[in-house]
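Both of the next two complexes hold chain A, though its partner changes from chain B to chain C.
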Partner chain A sequence: MVDSKQQWKAWLYLAPAIILLLIFTVWPIINTVRMAFINGFDFSYIAENTKDEKIISIGIRNFADVIRNPFFTNALKNTLILCVLTVPLSTFLALLIAVCLNSIKPLQKLLQTIFFLPYVTNSIAIGMVFAAMFNIVGNVVGNDIHGPLINNPGIINYVLEFLGFDRINWMNNGSSYWANIWVMVIYIVWNALPFKILILLGGLQSVNKQYYDAAKVDSTPKWRVFTKITVPLLSPMLAYVIITGFIGGFKEYSSIVGVFGDILMGPPHDPGRLNTVVGMIYDYIEKRNFGIASAGALILFVIILIVTFINLWVSKKKVHY
Partner chain B sequence: MKIVFEILTKIFPSRNKKSGEEVVAVNDFSFTIPDGKLIGLLGPSGCGKSTTLYMISGLQKPTGGKIFFGDDDVTELTTEKRGVGLVFQNYALYPHMTVKQNILFPLQNLRGADKLPKKEMLERAHYVAKLVQIDELMERKPSELSGGQQQRVAIARALVKMPRVLLLDEPLSNLDARLRLQTREEIRRIQRETGITTIFVTHDQEEAMSISDMIVVMKLGVVQQIGKPQDVYDDPTNLFVAKFLGTPPVNVFNGTVKDGKLYIGEDAVLDVKGVSDQDVYVGIRPEGFIVDENGPFHCNLRSVEVMGRDVSVVSDNPAMQSAVIRSIVDADNKIDATAQTISYTLKPHKVFVFNKETEERIYFEV
Partner chain C sequence: MTDQKNIAVMHSKNLNTEKVKGKAGKIIGKIIVYAFLILMAIIVVFPFYWMIISSLKSLPEYKLPNPTFWPKQIMLSNYINAFNTASLGKLFVNTMIVGIVSTILSLVITVLSAFAFARLEFKGRDTLFAALLATMMIPGELFTITNYITVYQFGWMKTYTVLIVPFLVSVFYIYLLRQNFLQIPNELYLAAKVDGTSDIKYLWKVMIPLALPTIISITILKMMGAWNSYIWPRLVANDENHRLITNGLRTAFETTVAGEVDYPLQMAAVAIVSFPLFLVFVFLRKYIMKGVSRSGIKG
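After this line comes the complex of A and B, so read on.
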């Protein structure tokens, strides 16, 4: 413990960090709450309050506006679907790859680096490559104003054809909602893998080798070693990647921008179809509906809070620290 | 199940490829472990005793030689197929399982014809838990147990599948002194009750001597001596074994043999018939000294430590190799602690003579 006479020194050293946090984190959060509860907040009253015509009304109209907006419910649906599909899939694949990586000796470092590459690559750039792989090359906003859409079956369709399947319209004019979703799922999972592999591989490498020796002495089948020893011992790391995965999933936005472009946010014939909650919040800000944007942000915050509590509650029962 | 080693060798390749220096952990180890005995593998750290144990378990493959369990050659068998029980130095209990789940784990691994009904698994788990006296703790997690209790759980887990051989790697090193005494008796008792051939590794000579039927003394991968603890203590084959066994340790002196007499410094301390004239090392067990005013061996008296039953006399002599000479004599001897010198007669069977170069024992007629 710091001597109470010396405490001011501790505060002094902490001051730079605390002041910055107060200005750029704490105040914006408080301000978000404030704006969310001022009906129709759009900063205009600040300009106009000298005339004192506009009376500030406090209430939950912003929240009602958000919830009643069909675009919001659509965005929430997209976000939930992407979360529910990508988090388990990416976690399972990452676990599989981490276990495989951990069990090989030659090339381990090289493969580790390769698997980590997506993490250091710009996600918009990756998104454009994915778009090209699935259908579209060049400007996604391919209408008559911006020039013709470059239509291309994409390498994935060539592979499907080679394997004897029909081509799929992944993300062009007339593509189906679920085709779009699967493009996003594949992209997000691929993008999320490196971080998860890194965490799980780190976890695996810190597991005491003696547990595996003990399992060997007891003639444990491989699958049982995985389910009864590896997974439980990794459970703290698994809980971490699942919880952060869900939080990241609810904040999904840049991935849609990367693949479909920030103007379309969906296939050309149905713009905005794949918009997410964060995307909606940005849209409201762009339209200067700051109150509604704040309300949307708070709703998202509450959803993430609830999901995280559920995650923690489950992990309390299943995680062995 | 008797265990036979045939010229077992383990060489670890060098980490540094340039120097190419290999480490010979176990060298030409040939030995038969009789059925149902408790064997202590004993030696200083790095002598290859744990490597030997891991080769028996199959976790490490020998570079050369063969291992037999009974008449079966198990050298090429994987660990999974050997049917050994191994207690690790740190116990390696699965931290996420209860004691019961830990003990049941090896049984649940059994497949095919060996598969047991659930009821029998539980019965066997309870049987071994009772045997090691942890049947009260079945629902606890390893982190909620003391070191000694964890140790018992580890033994129970190794025993529950009725292994052909039970291996213990430094089983007592993580316990405090008192628990160590208690647990080593427990290991002895459990081994007697089950009759399973048991091999344990230790660097503590007292521990090995006190409970083993036989001890194997190793140094730098080479077996020095094998035998019953008392025999090895009474009759060491070389200076290393003599020094390694016994507390307080053997007293070592520079000596000379001349005309059938053993000299330490100027004192002709003992007749050693049949030994040619040469410089030698002399080892004298602490209990090999008899306080005798007219004795031939003179030392400078430093202090007398009374221990009740015995008296420990600390003295020195210019020819000694160790820091002091420590002798244990009967408390009936009245020793004048203020005297400058003390004289001893030596018990011939407690005096060992070793070749100065090879440090091998030179036997003489008593």
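After this line comes the complex of A and C, so read on.
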């Protein structure tokens, strides 16, 4: 069937996809690397009237600028902290929920549907809901003699006080860095659960029942069944969920915009405090520092590659296929 | 079982109590499992509940020292005010234009490419397909920088084009549809060729109907993508005439330094934006779950 007619027909059908991919995918890969290594590549390098006079010098100044920028290192720190906290927490919770869901009969379908609900949401919009839940209601910045005017501490603090804990300034003026981080961790975990539960539950349902029957005959304790049978059999899905979790975690950005707003990106007294690597890259693009933005994006890419390889290397040792 | 029971009864009371204990343990275990799942379900649902009841409260009620868990007076007017404050109508139209046009074009491109990869034989097919899959590993931020320059040089800034064209091709969708096309027996194609049916007619009459679930999945994900997209539109078309709904929502309710926000109004706007997604969830959930379980891609 390989005839020349099929040849050109195939390329004709592929033409729109290939042309668009060349412009918007292949060229960017080449050009981003190029811009990263041209010192100080900014808007003047592409503006019509100044482009020809530019003396191009090749080097790693963009990378040096990125790494030396305290805002970038702060963003990197935030990104790492969020990754390290959210990925294990959401994976563990999702595993627990999936195992529990798999062990029940009545209500299983209903609960499964409920747990998938956060997936089909707009992360900016629901981020605003989380902000409303954690925010102290009232005018928190009060300089007059009466001090700040607090109407109520917000629903989360209300529940905390009801349970006998102290209220926390989660994200208002004067809130601490770790309080901000925990707001983000709670939101990101909440948002990450449905995908992980879906994958892990799918894995559990395809596990061969014989292993469990054998364990039942031996009257193996529940906890041992979990650690010795369920987790090993589920390990390919766990590895998948953890790897995609880390990749997503390093690209965290819009959830923070949702909760804190894209202008503030932090509590009002310390704007930009919660910015992430991706947020930094967009800031550079907006300032049209394309070279530095490219260097930042390449650094992010390399970090993601390294973390993925570490994950794969660990899972090669631990995963039972 | 009965034998065992008899022996247990006959020989030892201890064994019997142990068995009862085992049964009680099982019931307690079930109770713990259900309690945990229901608690987690409440945590998952709570933000939606809070969004809806807050959107129906009056501002003075929202500010009460003890929050109410059901609005005393239902303020539907919040929704009208929110709709006007954030000019959601215009944002909705913009988003629909971008969503519908990009979904249609994207489907045409995806179907043609998937067909070529699944059915036609040409030199370098497998190499090209592998190369396409490899691009999926690169984070999108890497493309954004150059694409920003490219669309600037094309003079596309602040147009619908800039919101539609750069994202028309999705390697993931091509992959999904190709896998689906491959399941359709090749004999059908050969038979159609013998009858002199054209490729396009064959695609339209046979392949697309058979792969409809996947095509519906792609359509939903693409439309949701337009509805939820935020980063790219903010960079290239964040002007009054082309702003999309998510950008408009965030911009209309930017956090103020004082922290004095009209939350009922804001929550009403959030609820309006969330409502279409909720409908998708209720009626089209299985298509999304099918697409999702094959990738970690959102939207």
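Basically, the second predicted complex is superposed on the first by the 277 of 321 C-alpha atoms of A that agree within 3 Å, B and C clash if a C-alpha of one lies under 4 Å from a C-alpha of the other, contacts with A are read in each partner's own complex, and residues count from 1 in each chain.
One rule holds in what follows: a contact is a pair of C-beta atoms (placed from the backbone, for glycine too) under 8 Å apart; a residue touches a chain by one contact, two chains touch by 3 or more.
Keep in mind it's a predicted model, so treat the numbers as computed, not measured.
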| item | value |
| --- | --- |
| Touched partner set for A:Tyr119, first chain B, second chain C, both or neither | second |
| First (chain B), second (chain C), both or neither touched by A:Gln210 | first |
| Partner chain(s) touched by A:Leu101 [first = chain B, second = chain C, both, neither] | second |
| Chain B versus chain C, judged by how many residues of chain A each one touches | C |
| First, second, both or neither for A:Lys251, with chain B first and chain C second | second |
| First (chain B), second (chain C), both or neither touched by A:Phe290 | second |
| Contacts of A:Asn135 with chain B and chain C, given as first, second, both or neither | second |
| Common interface positions of chain A, toward chain B and toward chain C | none |
| Complex contacts: residues of chain B adjacent to chain A | 57-59, 78-81, 83-86, 88, 90, 92, 94-96, 105-106, 108-111, 157-158, 161 |
| Touching residues on chain A, where the partner in the complex is chain B | 208, 210-211, 213-214, 216-221, 224, 228-229, 232-233, 235, 320 |
| Chain C residues within the chain A interface of the complex | 29-30, 33-34, 36-38, 40-41, 43-45, 47-48, 50-51, 54, 62-67, 108-110, 112-113, 115-117, 120-123, 125, 128, 132, 135, 138-150, 152-153, 165-169, 171, 174, 199, 224, 227-228, 230-231, 234-235, 246, 249-250, 253-261, 263, 266-267, 270, 273-274, 277-278, 280-281, 285, 288-289, 292-293, 296, 298 |
| Residues of chain A that touch chain C when the two form their complex | 1-2, 6-7, 9-11, 13-14, 16-17, 20-21, 23-29, 31-32, 35, 46, 93, 96-97, 100-101, 103-104, 107, 111, 113-126, 128-133, 135-141, 151-152, 155, 158, 172-173, 190, 193, 195, 198-199, 202, 222, 244, 247-248, 250-251, 253-254, 257-258, 260-264, 268, 278, 281-282, 285-286, 290, 293-294, 297-298, 300-301, 304 |
